[in-house]
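Several structures are given next for inspection.
Two complexes follow with chain A in common, the first pairing it with chain B and the second with chain C.
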Partner chain A sequence: MQDNLRTRMGWLHAWVGFIAGLLLFCVFVTGSLSVFDTELTRWLQPEVPPQAPAFSPQVLDRTLPTVRELLQQGEKPFITLPSSRDPFVRVQHHDGYEFLTVPYNPQTGEQLQARDTAGGKFFYDLHYTLRTGLYGETLIAAAGLALLVTVGSGIIIHLRGLISDLLLVRPFAARLRAWLDVHILASVPFIPFVIMMAYTGTFIRTRTLFPPVSYISSIQNFVSPHRATEAEPPETKRDIPIGPSLPPLLDVAEKTLGKGQTGFILFLPNSVLFSRTDMSGPLLTREHVDFSPVDGHFLRHVLLSTPVTQTQQLMEGIHYARWTGTGLRWLYFLSGAMGAIMFASGAIIFLMKRRKVSGKRVMFRVAEGLTIGCIPGFLLATLAFFWANRLLPTSLPARHLAEVHCFFAAWCLSSTAGMLWSLLHRALPGWKIQLSALAFLGVLLTPLDFLTRPGASMLHAPTVFAATDICALLLGLASLQMVRRLRC
Partner chain B sequence: MLILCLVFWLLGLGLQAACEPKMLRFARLPDLTLPPSVRWGRFIFPLLGLVIVFWSNPVVAIFVWAGTFSLAAVIVAIVWASLARVLESRR
Partner chain C sequence: MLRGLLALGLAWTCAHLITVGSPQWGPGARHDSVVFGQMIAIAAFPVLLLIAFGTQKPLHGALIAGTACILAALGLLFHA
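Right, the complex of A and B next:
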């Protein structure tokens, strides 16, 4: 009976895991990077120095011309206040995909001449929408459910050896055995994290799977989402006065939110919102104090505290991990990276087990081509994004889009190449070339950083720059080792 | 706090590896037959880690405790695999 159950669960684990796993690999990689999105934005704007002087609230008023300009363009700009993660004042707005930022000196209010970049938030958007809006959100929420099924079936399969095999890794054993050990090591100790992230992530996006309206009308909206917006009149540019000075409003807001608890100031046509920082605690309350944009009089204090909203806030707080310290954020990053290794090793095992019997079938070749495109191909595109950030001319118009295009061009190229090699029954050279390119980009990112960052020094304190370079270096070295061990 | 919790997990999981016959066979080590007081360390060290993280910051305690367990498991597994490789090459 139990063997029968294990066999069935093995089938479920393999197929659901492989199909959803290729997508979930990309989700876990981007999720891990999103843990450090603010820090990555600093790496991607090397003109902004690693350290900044102390914050003076008076500088907020010096950002207002930029805010006014963005409001006139119909954007919803906001000012982020300095924090331990990012010591600069930034004016930001969402362009539909990323948060574009303009940094300011937190003491003098002088605008820093930093390059236009998609920033670390590029990975955040990719993580939960795949840059396709509601379609991507729904797909990823469904993949989250598939992840829960895969984890559940995996636990049942591995229940017998859960404790005895927990610490067992045999990297020099036969290749299938070694990959199985890697898969188990990347899965079993990280089960609490994976379940937590899968559950909270699916919970946050549950509206896409279980819409509050009927399925028929939501499918109609899904098929033609722009129908409603077509009827809307075009937005006219309005002159929106930002009358009041911000520092006195900040003082008033902090009397409610607490000293140093204001995270950002959001400008809407009818109000100015002083919102609580996401770093204040595990509940992502987004509590805010609102003022009039005309004369600055107090409008309202908003804090949603019903049990349902608090549950939502807790789920978001746990998933986004913005309230945690650096150490815990590194644990999130590491756990996410191990999750990606779990999917990568699982996909490789899936292919290895079927290569003898089905290796020559077209579907197998397609599956291997997709795996090459999704695993080394996606990592290659990620590193290409970092390279593009440093190599594209800083004066390029719509530069942040050019970075994004480089990412997708690299991904498309490597996926197409991987698929072609696989269909031509030459998958192994396909793996080797992609991994070699990955090693090249990863290992040489550090020299690139030193050559293209103003004021770079070998002796600076550990910063976001050093951490990013070291992670890329480790990825490059791991790829190099895999190329070395792959036999032609 | 995080480092201390990690150290406790390393000790606990290290002892677990040393008490597990399958791990000993893999490293081709003789049965260590540790005294019961030492074997209890497998359970005591993780509990000590939990107490310390709760005492230090209850809000993040469970996250840090679970996260350091995962990290410690990876470290112990890699160190054990390296040890097995070294012992094998010496024979």
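Right, the complex of A and C next:
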């Protein structure tokens, strides 16, 4: 083969893209879902009514017993105030994986009886940690770097025929050509989005890869806190002060932050933070006004506003997309979904190109097994999470964990099945079974929603429910079409 | 494969040296200089890897990436 820039970049694009692409497929799918995390939590708690009365600040004090209980357990609870995305007051805390929420009526302060769920934030946690903490963060940050390399090499490969390739979509052409067209169509128009997300996402987690100290000191820092905790005596139940009334503090905070600009109230052992809402603009400033948790006196106002910090805040803001309206949010979702299609089609092209020469090798079978587990298998597990949310008994203890276990059980099962089919040289039935199961779960999510949602009606479908059901239906139909076109 | 690993090693070293040196760029604004260093490191990594891997002669790519590493290391020494 001729050795030129294009072939070298082709090699890099294929191998780095395939190895990182399987993980990045999962990252892009969960990222796309995380754009609508708040809305998904509403789908996952169907008992909470779609509309809510206007917010009265007095209700904040009614949430304080729950807050105090969480503080006594050593948690860092926070109250999220109603917004256009979620009209309810919620008390939340992070359980080490996701944010668990208790909704309250924003006018009466009455606690709403809603099922315990991992919620839409489950996908957010999966998006950047894979539920494995620092290890997952490091792995995903490395995958982000790999994505930048893959995109760079991809641009060099396609530079000459970028526009002409874009205009060519041949779904009924030879199989490899058709998949190449899909790959290019899903990548080229969304390259700015992919580069922006890869760069900002990797930057947000840079400390895991490129700490500002040497790696030896970094490892020592990572290990030493564990040594310290081992020596600590068991924690006794903390004494939490009764605390100040929140509505007057909200008034004071809003004199600095602006009317309606408070997003959440965070309770720490030594202060109560009234933080600016992430929806206030593209800069994720996290500006906050702090008060004493004992008598409520003003402590400080924190806003970092140097040019570098503002650039950092802008990068975080455009990655998290919490300030965007519904239209832009859908554009993020569409671009993320296209990114996932780009990785899936890239992996399929990688396998197709090597099937003739290496199809019988064990490594090829393993690669195909992994692809089955990561692409249809991951989507299957995602839909299994939604199904589990509606089918598990609402009184189940630690129900949110049961949902998560269902997700991982479905993923593990489909990955194992995919790998076995592939190792037995029966990859095609493996693809077909997974895609058929995906189609089944996707198409039937709408009937499941109607059967298990209190007060569901065909004529008055609230947006979050309708949008989720339609997306699952489209995914199911696309899977069905792929099953139909797969030849035995 | 070997060339890929060499390119990866050089690009990674350069990015690491940039972030390790960054706290000393602005003694009065450590946080800002670290953030700025990380912004540069993340952008430099793929560019250097592609250059180190993409040149016609492997030595040329290694030389360019190696020079970038030396520059990053010099930045570290000058400010220390």
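A few points about this structure:
As a convention for this text, the second predicted complex is superposed on the first by the 470 of 488 C-alpha atoms of A that agree within 3 Å, B and C clash if a C-alpha of one lies under 4 Å from a C-alpha of the other, contacts with A are read in each partner's own complex, and residues count from 1 in each chain.
Just so we're on the same page, contacts are C-beta pairs under 8 Å (C-beta built on N, C-alpha and C of every residue); 3 or more make two chains touch, one makes a residue touch a chain.
In this text, all values refer to a predicted model and were calculated from it rather than measured experimentally.
With chain A as the common reference for superposition, the partners chain B and chain C occupy compatible, non-clashing space. In the overlay built on the shared chain, the residue A:R8 is in contact with chain C alone; chain B does not reach it.
Within the superposed three-chain model, A:L334 lies in touch with chain B and out of touch with chain C [touch as defined at top].
Contacts of A:D61 after superposition on the shared chain: neither chain B nor chain C is touched.
Between the C-alpha centres of chain B and chain C, as viewed from that of chain A, the superposed structures give an angle of 80°, to the nearest 10.
By the touch criterion stated above, A:T206 is placed in contact with chain C alone, chain B being left untouched. In the superposition on chain A, A:L185 contacts chain B only, with no contact to chain C. Once the two complexes are laid over each other on the shared chain, residue contacts for A:S153 go to chain C alone; chain B is not touched. Once the two complexes are overlaid on the shared chain, A:T309 sits against chain C while remaining clear of chain B.
When the shared chain is aligned, no partner comes close enough to touch A:E75: not chain B, not chain C. Between chain B and chain C, the shortest distance over C-alpha atoms in the superposed arrangement works out to 21 Å. On chain A, the surface touched by chain B in one complex and the surface touched by chain C in the other have no residue in common.
The touching residues of chain A, counted against chain C in their complex, run 4-5, 8-9, 12, 15, 145, 148-149, 152-153, 156, 199, 202-203, 206-207, 209-215, 306, 308-309, 311-312.
Residue ranges of chain C in contact with chain A, taken from their complex: 4, 15-16, 18-20, 22-23, 29, 31-39, 41-43, 45-47, 49-50, 53-54, 56.
Across the complex, chain B is touched by residues 163-172, 185, 188-190, 192-193, 281-282, 324-325, 327-328, 331-332, 334-335, 338 of chain A.
Contact residues of chain B toward chain A in the complex are 2, 13, 16-17, 20, 22-23, 26, 59-60, 63-64, 66-71, 73-74, 76-78, 80-81, 84-85.
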